[in-house]
Amino acid sequence: MSATFAEKPARKLFEYPESLREAFIRTEGISFGNGDHVTSAEIWDYMTLEAPARFPHSFDTRPAYGGRLSSDVEFFSGIKRAWFAISLKDRALKASQLGVPLVLTQGGQTMEPYYAAGGIPLRPGLVMQWARDMQEGLSLRESDARGVEILEAGRNRVSIDACNQIAAHAAIDNGVVPIALVAPYLALRCSDMAYLTESHRNHKRGIPLQVVDFPIDQEGKPWAADLVASELRKMVAKIAQLSGKKVTDDDLWENIRYANTARGLAREIHHLVWNAPELPINSSDLGAIPHLANDFQGDPVATIQLLHQIRDEVNARIAAGVRGHGVQKDPKRLFICGSCVGPNQHNVERSGGYCAGRDDSWNLLTLEVEENGDPYQALAESILSYPYEQPTEKRADWTIQAARDSKARGVIFMYQWGCNYQSGVSRMISDIVKAKTGLPTTFIEVGELGRSEATEQSENRVEAFLEMI
Amino acid sequence: MSTEFQLENGIFAGVDVGSLGTKSVVLRGTEIVGKVIIPSRLNSEEGGQEALDLVLEDAGLTRADVDFIVSTGYGRISATYANKTVTEITCHAKGANFLHPNVRTILDIGGQDCKAIRVDENGAVADFAMNDKCAAGTGRFLEVMANVFKVPLSELGDLSLRATQAIPMSSTCTVFVESEVISLLARGENPANIIAGIHQAIANRVGGLFARVGIESEVYFSGGVAKNIGMKRAIEKALKVTVAEPRFDPQLTGALGAAALARAFAAKENLAREAAI
Amino acid sequence: MPTTLNTLRKIRQAVDNRPAEIDDLKAAGAKVVGWINYNVPEELILALDLVPVRLGRGGDDHLVEHGSRWISTKNCVYVREIVGLFAENEDPYVKATDLVAVDATCMQVFRAGEVVQHYFNKRIAILGVPRNFATPEGGEYFRHELKHFAGKLEEFAGRKLTRSALADAIGLLRGIRSGLDELYTWQAADDALIAWEEVLDVVQAGNVLDRRQYIVLLRELLSELQEKQATDEIRDKFQDVRIFISGSIIPPGDRKIIHILEDLGARIVGDDIWSGLAPQLDVDVVEPTVEAIADAYLGRVPHGALPYLDLASDRRLANLGKLLERFQAHGVVYHTLRYCDPYTFKGTETKTVLQNKGIPFLELHTEYASSDQEAIRTRAEAFVEMVRNRNLIEA
């Protein structure tokens, strides 16, 4: 290798055009549950000055980076949503410093009891990203390298057969992020969550651990709901011990109402988008909505405000016939199954596609908690009715309905290397959907959970699938 | 001859038949008097015999002069010339202890596996861990990578030191890494940065092995890959240890340990004979 | 493996004859419940006059490959082979099975049940198992769940459970478990007439044989051992390394690790695997009711797939410690199958726990393909060398 190799020039970071500022700062700000208010001017300054300096990787523009900011800069509530997600780290840290317990949850669950008990729940994906961002100023590659370092520490301590979400557990073990309690629902989405939670038990840090069981084959079994309800009570009591809050049924009802409201708004937005003559927002903006509505990202009140703004802006765009930036005319819509991973939405759109929904997050939006009776029992019954967590043949039927609702022209089942549980039914769901609808389906194993390098193998498969449709 | 005399003056040979190289060392007492490395043959029995003949030639000795032969490495199972076979884990431990009596931690990256070994003061294995199936990090893997980058294997380490930034690579699977390398080269990434990333990935896997057995500086790095300066630096950085400066060709550690064990076994047999008389 | 024990030969013959026997039973109207996983109570199956067969084999990479087409390559080989067995439909017990009973102890095995139901048209009955198995709420859940499961079995059998039938079945299985426990004690003696592998074969013969015939054979075997042990015949005492096996399942058909260890001169003297000794221990059914059976099963040696969040009170580990002492093991070989996450994730932790007791530990992480035979052999051999050295044992 004799030739010297010229380093490529550093890529320019994503910038929101200054020309949009005036119009943006005239829009509504966001109010929080604790009375704080953030103006649109403050949001603009954060997204154009502060965040690019502190978290440059979030503003990376390389095509291979699936987590790129949405290119639809004129979708103002999308900018606010991005701000809300990026600013979660600061808010969580501040909350933790004020004594609010941060709790690690599963990816595929709802969050009402955590907030009711005075905690803030965080999914593994959020914790993994947050762990990297505890060191600021990192480029995308540096952030990836830091992520790999944390991931390897987890693998070395537990097993290299673990899926990449072990990075979240490693970050907690090593004190990188201030998680006070590991307390997921053992929703069937992930069979490893139980063992990863268990893996903390021998660690000197002594983080308290709790799991809420998810009984299988649960339909028509009141004893299953009783079990979940009793375990929810125990979990709430545990969080309340840490937060110091005296939790009443009213606290839980309040959060159930927030969650029902958020889910209702998110459903409304999805149906508006799916049924509009032109897709008014792109896949990135649509794909972020379930995470927002399911998690609240630290604050239910702010989340609901933001969802209202998103809904109103989507309505306005539909009325004006606006198509989301990056979306091609009549794109081939894909419905994504599996969990934790999905295709690079920008690449999908570049190849003439559109990510219309993901089963793992969309399914949580389709249920409501009955607002009467005992709140724990009501919650338990709704948890046990997650469509994604039903017997697989039933889940597949729900998937078919979701694919129809989203007007999908193809279904891709994706799972992360190391995932035993979703991978086990990847073929089955694909086969059932194909047999009953005639839609093209495929299933793909990927390795990119928490990583952004070298995703070409996965992208090739998705692109080829789109070409086939 | 008396055991004492034998220990001082006996001839002991070790033959290490690995997947890439076949190595042999001869001791006279505790003095190294012959050493050889040849590429491994398809027929491991023949390769072992050949290495043994060559090392004796190097030492100016014949087969008749040898008191005891120990064979090790994956080819040990067909070593009819050997008096005894011992695993390379035990031999590497013994060989490292022979050269560096104060070292308690050994890393061996061979052709088809890597090992983390803890030893006691006598060179006996106290604990060990070896790579799990499919994990990236063997000599063979680096050989394949050298082909991909079209450089001699001996230059891979130096090339990694020219990196401006190590690119994070997968370490769960050799095949994944290879496809990642091809993607990155297609994207125009600096090969030195990719190679540095590969070394880092291997160091991470090694770190995993040591997490299971514990680590203590200085670390003795044995096996052919120990000659790769980039790998040495990556290990030192990832594991936060110092790698001991080798006093002997690290690729010969196993064969040396086998020879040292041959000496010990011969002495034991001799003692038993003396006791029986 | 040749043996001097006549009863062992009879048991092997009985196993060879069993498929034809089951065919005859079915022709006469009997129904077969093939079950998989860990916590399906055979007491219920027997009490309803159904024929229980514990399904599942290992060691066959071809079946693993076949199974991978329906489930996933990211599932453990045991689970893939289960699916492969159903896919090929040549195993006599799979063919004979009228109802597949699956419990949810190991979630991957449960997934195999779903796949088998969907692709191979097998009727399935599912039994949920609480993850929080040691809590009163978990116990309450399991009582209800088992009653519901019993109802499904009753519907299948076309008859109801009676107290006396339950009492009989409970007594029968109690006898079998205690007999097997006794057999384990026999095999661990220095001058044992029966090897651990032979005992594992006897345990696994019990997966398929008529349970009433099986207990007779078991008692005969124990008597034969007693008689032969009492003779003046001088037998060699075993001198080499005593190894205890822990970790993932070792089902019928999978003997790779065992044969490698034995070839190296090591002797296996015990196990706590969920296809060996573990299911025989601590099942204490206090009265002939479904609820009592539920309580007893949750009280047995826990399966590694059921998470337990407090290390100090982990019964599985406590039992492991007790058994190591009982069988005077020099070291532990912790065998894990690739993608068997419940046991693999606990490997390092188990090693630390045992290291604190001064017990050497080796994890052998493997699959059914023979491609790693030499690699496994090297690791096992190095471990045996290390343990010999530590205990000053001559090979």
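Letters are used for the chains, namely A, B and C, taken in the order the chains are written, and counting of residues starts over at 1 for each.
Please note the rule applied: a contact is a pair of C-beta atoms (placed from the backbone, for glycine too) under 8 Å apart; a residue touches a chain by one contact, two chains touch by 3 or more.
Note that this is a predicted model, so its numbers are computed, not measured.
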| item | value |
| --- | --- |
| Distance-maximising chain from chain B - centres being C-alpha averages | A |
| Chain pair bearing the highest count of C-beta contacts | A-C |
| For chain A paired with chain B, centre-to-centre distance based on mean C-alpha positions, whole Å | 47 |
| Centre-of-Cα separation between chain C and chain B, whole angstrom | 39 |
| Where chain B touches two or more other chains, by residue | 132, 211 |
| Numbers and ranges of chain C residues touching at least 2 other chains | 338, 348 |
| Junction residues of chain A - those touching two or more other chains | 157, 161, 417-418 |
| Chain B residues within the chain C interface of the complex | 74, 77, 86-90, 112-113, 124-130, 132-133, 211-212 |
| Chain A - residues contacting chain C, complex | 157-159, 161-162, 186, 188, 191-192, 194-199, 201-202, 209-211, 213-218, 221, 223-224, 226-227, 230-231, 391-393, 415, 417-421, 423-428, 432, 445 |
| Residues of chain B defined as touching chain A within the complex | 132, 135, 149-151, 155, 159, 164-173, 176, 179-180, 183-184, 186-192, 204-205, 207-208, 211 |
| In the complex with chain A, residue positions of chain C that touch it | 69-76, 79, 104, 107-108, 110-112, 114-115, 118-119, 126, 128, 130-132, 137-138, 140-141, 144-145, 148, 307-311, 338-339, 341-342, 344-349, 352 |
| Of chain A, residues touching chain B in the complex | 1, 5, 7-8, 64, 141, 144-145, 147-148, 152, 155-157, 160-161, 417-418, 447, 451, 453-454, 456-457 |
